[in-house]
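There's a structure below that I have some questions on.
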Amino acid sequence: MPDGALPVLDVRDLKTVFKTRGGEVHAVNDVSFELRPGELLGVVGESGSGKSVTMMSLLGLLPSPPANVRGGQVTFDGRDLLKVNPDELRSVRGAKIGFIFQDPMTSLNPVFTVGNQIMEPLRKHMGLNKREAAVRAQELLELVGIPDAARRLLDYPHQFSGGMRQRVMIAIALACDPQVLIADEPTTALDVTIQAQILELMKELRSKLGMAVIWITHDLGVIAGIADRVMVMYAGQVVEHAPVEELFQNPQHPYTRALLKTIPTISGERAARLTIIEGQPPIMMAPPNACAFRDRCDVAFERCAQENPPRYDVGHGHDAACFFDARTGVPRDV
Amino acid sequence: HEGERGRDGEVKIIYWQAPSILNPYLSGGTKELEAASLIIEPLARYDTDGNLVAWLAEEVPTVANGGVSEDLKTITWKLKPGLVWSDGTPLTSEDVKFSWEYCTAEGGGCAQGEKYLDVVSVDTPDELTAVVNFSVAKPFPYGPFVGAQAPIIQKAQFADCMGPKAPECTDENFGPIGTGPFVVTDFRTNDVFTAVANENYREAGKPAFASVTFKGGGDAAAAGRAVHETGEYDYAWNLQLAPDVLAGMAEAGLGQNVAAFGTSVERILLNQTNVDPALGDQRGVIGNPHPFLTDKSVRQAMSMAIDRALLTEIGYGEFGRLTCNVLPAPAIFASDANDSCLVQDIEGAKGVLEAAGWTDTDGDGFRDKDGIKLSVLYQTSTNAVRQDYQALIKQWWEEIGVETELRNIDASVFFGSDPGSPDTFQKFFADVEMFTNNFDGTDPEAYMAGWTCDQAPQPSNQWQGNNMPRFCSEEYDALRAEMAVTGDINERARLAKAMNDILMQEYIILPLTHRGRNSAHAVSLGGVALNVWDSELWNIADWYRIPG
Amino acid sequence: MLTYTLRRLLLSIPTLLFIAFVIFMLLELAPGDPMASMPLTIPPEVKEKMREALGLGRPWYVRFPLWLNQFFIVEPQYWFDQTFGTNFANGAQRIISFQSRSPVFDTIAERMPQTLWVVGMSYVVGVLIALPIGIISAYKQYSVFDQAGTFVSMIGFSVPPFFSGVLLIVVFSVQLKWLPSIYDTTHVVTGWDSFVFQLRQMVMPVMVLALQTTAQVSRYMRASMLDNLGQDYVRTARAKGMSESVVVMKHVLRNSMLPVITVIALGIPAIFGGAIITEQIFKVNGLGQLLITALQGSDIPMVMTITFLLAVLIVMMNLIADVLYGILDPRIRYD
Amino acid sequence: MTDLTNVEMEVVEKPRSQWRDVWDQFKTHKGAVAGLSFLIFITLFAAVGPFLWDVDPGRLDIRNKDVRPIYMGLFDSSAKVSWANPMGTDNLGRDIMANIMQGGRISLAVGWTAMVLAVVLGTTIGVLAGYFKRLDGLLMRFTDLVLALPLLPLLLVMMLLFRDPLRAAFGPETGIFLLIVAGIGITSWMQTARIVRGDVMALKEREFVLAARSIGTPARRMITRHLLPNVLSPIMVSATLGLATAIITESALSFLGLGFPSDFPTWGKILFDSVDRMTSFPERVIWPGLAISLTVLAVNYIGDGLRDALDPRIRGH
Amino acid sequence: MFDGPKPLVSVKDLKMHFPIYAGFFRRRVGEVKAVDGVSFDIVEGETLGLVGESGCGKSTCGRAVLRLYDITSGSISIDDREIGATPQSDLRTMRPTMQMVFQDPQASLNPRMTVEAIIKEPLDEHTALTEAEKREKVGELMDAVGLNRKFAKRYPHAFSGGQRQRIGIARALALNPKFIVCDEPIAALDVSIQAQVVNLLEDLQEKFGLTYLFISHDLSMVRHIATRVAVMYLGKVVELAPREALYRDPLHPYTKALLSAVPEPDPSLATAKERIILQGDVPSPSNPPNGCNFCTRCPSVMDICTKVEPDYREVQPGRYTACHLYNDTAG
């Protein structure tokens, strides 16, 4: 792992709120992380924990209103993406940072051909003419493993199966050789056999193209197979962050631990009964001034209700936002 | 206003009802007659005073000048020599004869058939002479070939369009060749037509205008606006608008209103038969008398309650005159025996009803007697002025204790004679109805004949006939019979007046307003002489542009 | 797609025949009389003769097949004869108007230019104004523009043309004398000046009619845009770095137009028949005025033919809307 | 925790009725509230107004004709104004205020009834066509047919066939009212039917309909319970447009001479009758014109507000 | 075939073909063979897992078994009643015995009905209880599925996914069914919630003696809940076996690939595991390949596979599969 290298993307204290009728939803609260060249950062967390919002905030993709990026900085290429003008931001989107969305069924425009949609960023960012763009689009489709690419360029999204559509999305994201690829649950909507195909493809492409990837999912199995480092989010905050083996072997945050326990495995022991995390995720209507997980936590104590825990470094590039030290089994003092 | 033909450029005429055809024999509508009068002409026509003037004929034949035979059975017309059609061919008595043949041909559906009634033959002793033979003595022999309704059409053009083939001759019907001042260049049915000056027109230097645009459609207000306020048009026909509206338009100063009075009378008819729907197919049949309108005092009271002066002022202003006759003109036919109607007398009306025993016994505000309530259904066609009349009259009648329900019916239904429709003015399935009627030309015989008993629309005659009130009076019928055989004009006038007085004094017909025809022309248009006895455009050849 | 279209075409034949029958019976029952516009001075016997000459006496089961024959066989033959100089029609009786005694189709053809110029143009103008209003209203939802758009379009929708038309005339023709109040149907465009005149005489009727179209279409456009602006593919386009104009005008617009095109297509028959009042006010004398004068004159062949043509237009537009939808939306397959 | 709170906890959470929620949501829509206020005002004006302003709208007072509205007195001292006729009088001296009130009664009644008729017809046909595949073709052809029917001859025929029986049964006013309402209603349901049909077809594929089928819900309740509530919002849109169209169609009928008898003022007819004198008496077109436009606008906003308020997803908690 | 207790549900050669209409006169030109000859039994009290890729016909199968569709052919008997050909109207009386829990808890709840109304609907349809009794029963059901009774008047949108699925389950339970088809009841839920629902289903099964047909594409979850598992591919069951046997030793190549594709939430295992990556996509059910349906993607395809359709046979006691690989050994 190129640990010492300068991060390509450095996110500090990102804060995003949504203004809704019922009040402000604090969807992302002081999220910080960095992405190093060539690595794959996995982001896990349950639904609504702010994974997608975090990533979309980086590129200003949230509809505003209601979204409002309140603060923080996102350093990419020496610039703060939150401050650059819209045109500059657009020259980053799609060109230097590629984005793959969760639902391949709806993320492609149904009325344009697949080729057209792949060629769009090529023509805009790389200044290719129609012919060159078409050639490159065909290469891209071949790259993501779609047979008969030249002909399929002329097809419409609905003529593709779900897995193929997701490959098209990947091709679009890769079109301009981005330095960073953000994949927001790219396989959640797919079958396991297709998911396996995509994961395989991703591994291959990464070794070929060498870009840095952020991979959002809530499937720990996927993370285990693909990520270098993992970031666990809960209620708009990063609660734990560690290299992948470290996280699975040595989970620090009670949420991570619970999560690892709830999922049944296909090869391990079959539990008589699944462990569950009681309760519901919190509604993030106020900025956190206490641990968001405390109501569902089995080790919570008074302090958890009074302060929001910072991210404590536990060594090995591992940190966790919990007042309770899992290794020692006692609350931290400081 | 002398000079060469066509010197004044274009004249623009707007009729808010568009002509659908230029053959008056196939459509009796005023708009068609008047449009056609630019193109085709009769042998004689009426002037602005209702006098006959020779047109294509040398002179008007009379008994005095020997043109009409002593037995009143033949009339001999002499054409002006040298007349040519607009295509340059000469006009002959053959064309005159043909016009008669055309209109009376079987299956042609000629709208002017009545003009040629009783004509047995037309002889053409020479090129310029046409002799019309009648089967009966005609005290008034000026039906055929006289007036805008019975012009001369060209035999050469229409020879193949006789009878059932008449409707198929679209080109001919849309562009008849004529002797008139203009020649059609483009005719668009129900929309517009354009015509240019007839190079072969008989009078040198006429018409002054080189072309005419005759536009149709819209409504009277828009037509008035186009002449008075925007100046886009030179002449607007028949502006049936409320007087204050017209006056308002005239303030703009571009146009000027002209009016003339003919025989049109807005009248109310009082039904003498019972039209209760419960009667089924016996509705409106003579023999089922109306429950209360057969009572003369009720009819009289209803007449007395009406303020004709106010109605006329509101509805027609200076374009309406007061009248107490259904036959108001020409002057020699106008009776003065009924002038008491001119003043409204609400109290008097109440008194008449009171005296006849019509009192409000149940306190609902309306009079009744023997369980019969004075409650009338008052129908007319849909038209703004008529609805104002209805509103006013309703108010007065209700004041004297006659309940009034108003109904207005679309003109195409009301004036139609579809035997299947209950809403026609002839069926008269209402107690009271109102409309305007008049008669053509100057002779009232046919008009007055409309109120004889046998003219009552009945199921037996498929509801045809003009005696809508179903009025039956032996005295009246006798007068009518006498008139049919009377030739002397003064005697005829006496008879007509007597018949008029019966209708008035029986209060079968309540005349409301003697309506004038009012049109408007641009102040820059000279030579206009509004004529209600014939086509309004009768003298368009004399029109000219006033420079300035 | 082709077979779908053909199948729908075939199916529309019985529908149209049935519609024709219903219209015919409706007119048969309607109380109008073609003689009603004749002066009262024409005596009843003469009117009766005229009525006979029009063929009015015959029962409906004779006249309906006759009309069908004339409409579907004789008229196309005439049309064919005229174009190719053949003689299939062989003098057969065409559909003749009661009022003008001329072939109904000739009159209709005569009315087409002004109908297309004014009514057609107003629709085009109305739609062209409506689309940007709808787009901007949706893109800037709840902005002042959006609110004002709603307000103005509802007012426009609710003002009857007999009022707005006269108001325009009073202002622009009477007071300002800028524009003619009466449409000249004989005007032919030959050069620049006559073109300008044509424009001037079209402005007011077109505006009055366009107001109604704009009001409705912009509402649909707004709703459709709003639906699509929230879709995932919009986010994808933004993530590709596309500019806002491309995102809105290419990606969103194309999708939003799909349902709106249907609305637009289905609105066409309504506007042809529904321009009656406006045509009357400005004396455009197009199809609407033809229909209303025919109705008032109980010109049954004319009314029958025009309403039936409108019915054909309605059925065809339905079909076209569906087919168009299928063509424009790659997801839809009709086979 | 005490027992008491426990007991309270058990009570079903229902301190507020559903309609309270709807109302609360509705209140947040400013346009809707303004619209509702105006609609209430204009309805009261038309319904209750005649009791307070006790002038017979049909009474002619020729001496007091062409009275200008009262505000004219402010900037034109020579104007003929009178407190007895605050909105002025027409060319026959009828009080305009009384006429607008009476006209409002009729116009609103025509608008609402025709709209309800059209919506009921449209919804019924739309739901039937959308739900029962067998009926679809037939009903949609029928819709095409009605779309193709010309309104004018239809009304003429209806007048011919039904006027006398209706007049006999309901009296002249109600009779013609029913005819016109039926005429407008019968010729304006087609759009609603199409939209509803489309939505029902889409809803039919939704899982909750399948869920209802798995329970054994019969077609009738499937429609009333599951489909209708979910097509409420397009119906609402049609309804608001329908009300406007009905009021306007009625005025167009007056233009064509097929409307109410002349002594029956409606907004459309007052407007139409006043157009000729628009320049000299602008108020005569402004009053009815404003009444129509503002009513249409009000109903439109109410429709927007109701649509939001009736949707539990938007209403939230 | 079965030595154990009598099956509660018995499906024989079930076919559900959706017609495709095309051409000039909307003729039926073909059909989507969504379910094409499926047979299985479910014993009272057991859970049969049904797994397979998206679009292979799992939901259709589940719905067809409950006769939510009018099936093309085959026989279905539930609780000793043959319902394969019964008309819909007569099925009404059978509905209480068989119920369904749907995949998408959001979509399967009418957004305009309150929770109480949703759960009460089956009671309205099939019982003659008074309003108060019904309300009480709804309360009990809400307790049973772990929903707070307080929320009875709320609308579905006000609940989280897991809670919504509980509403769906409560509705299914309302009529005391014997047999419930769970059509991917957890697919739309969050991982942390999935376990709650699965545990609930298990509890209810224990409490009420329910029988489940549990449809899912989550193999790990099926492993947890099912007693026997059927694997579907393109409208057909390719393998059916008791849970342990299937996961330990899958027979059919498709089952093998499927199991190997499941990601392991353990990085050490994940890298060690040998994956079988299938090539290509599932063929269209309207135009399945000749021979074995899986022949287009099968890693161990043989000549015969593209020509002859393999029989669905019991190859080991209690284990059924349809694959030519096992024809020799067994036959």
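We call the chains A, B, C, D and E, going by the order they appear; numbering starts again at 1 in every chain.
By definition in this document, a residue touches a chain if its C-beta (ideal position, glycine included) is under 8 Å from a C-beta of that chain, and two chains touch if they have at least 3 such contacts.
Keep in mind it's a predicted model, so treat the numbers as computed, not measured.
Enquirer: Determine the set of chains touching chain B that also touch chain C.
Expert: D
Enquirer: Give me the step distance from chain B to chain D, shortest route via touching chains only.
Expert: 1
Enquirer: At what distance in angstrom does the C-alpha mean of chain B lie from that of chain A?
Expert: Here the centre of chain B sits 90 Å away from the centre of chain A.
Enquirer: Between chain A and chain D, what's the gap in Å when you average each chain's C-alpha atoms?
Expert: Using C-alpha averages as centres, the distance is 52 Å.
Enquirer: Can you check how far apart chain A and chain C are, centre to centre, with Cα atoms defining each centre and the answer in Å?
Expert: Whole-Å distance between the two chain centres: 54.
Enquirer: Where in chain C do residues touch two or more of the other chains?
Expert: Chain C, residues with two or more chain partners: 31-32, 166, 174, 295.
Enquirer: Where in chain B do residues touch two or more other chains at once?
Expert: 221, 410-411, 413, 420-423, in rising order.
Enquirer: Which of the residues in chain E come into contact with chain A in the complex?
Expert: 53-54, 160-163, 190-196, 198-199, 202, 217, 219-221, 223-224, 247, 257-271, 275, 277-279, 281-282
Enquirer: Going by the contact rule at the top, pick out the chain D residues touching chain B in the complex.
Expert: Touching chain B: residues 58-60, 62, 66, 91-92, 94, 156, 159-160, 164, 168, 172, 257-258, 261-263, 273, 275-277, 279-280 of chain D.
Enquirer: Which of the residues in chain A end up touching chain E in this complex?
Expert: 46-48, 161-164, 190-197, 199-200, 218-225, 244-245, 248, 258-260, 262-268, 270-271, 273-277, 280-281
Enquirer: In their complex, what parts of chain C are in touch with chain A?
Expert: 231-233, 235-244, 246, 251, 254-255, 258, 328-331
Enquirer: Taking the touch rule as given, give the residues of chain C at its contact with chain D in the complex, in rising order.
Expert: Interface residues on the chain C side: 15, 18-19, 22-23, 26-27, 29-32, 150-151, 154-155, 157-160, 162-163, 166-167, 170, 174, 269, 273, 276-277, 291-292, 295, 303, 307-308, 310-311, 314-315, 318.
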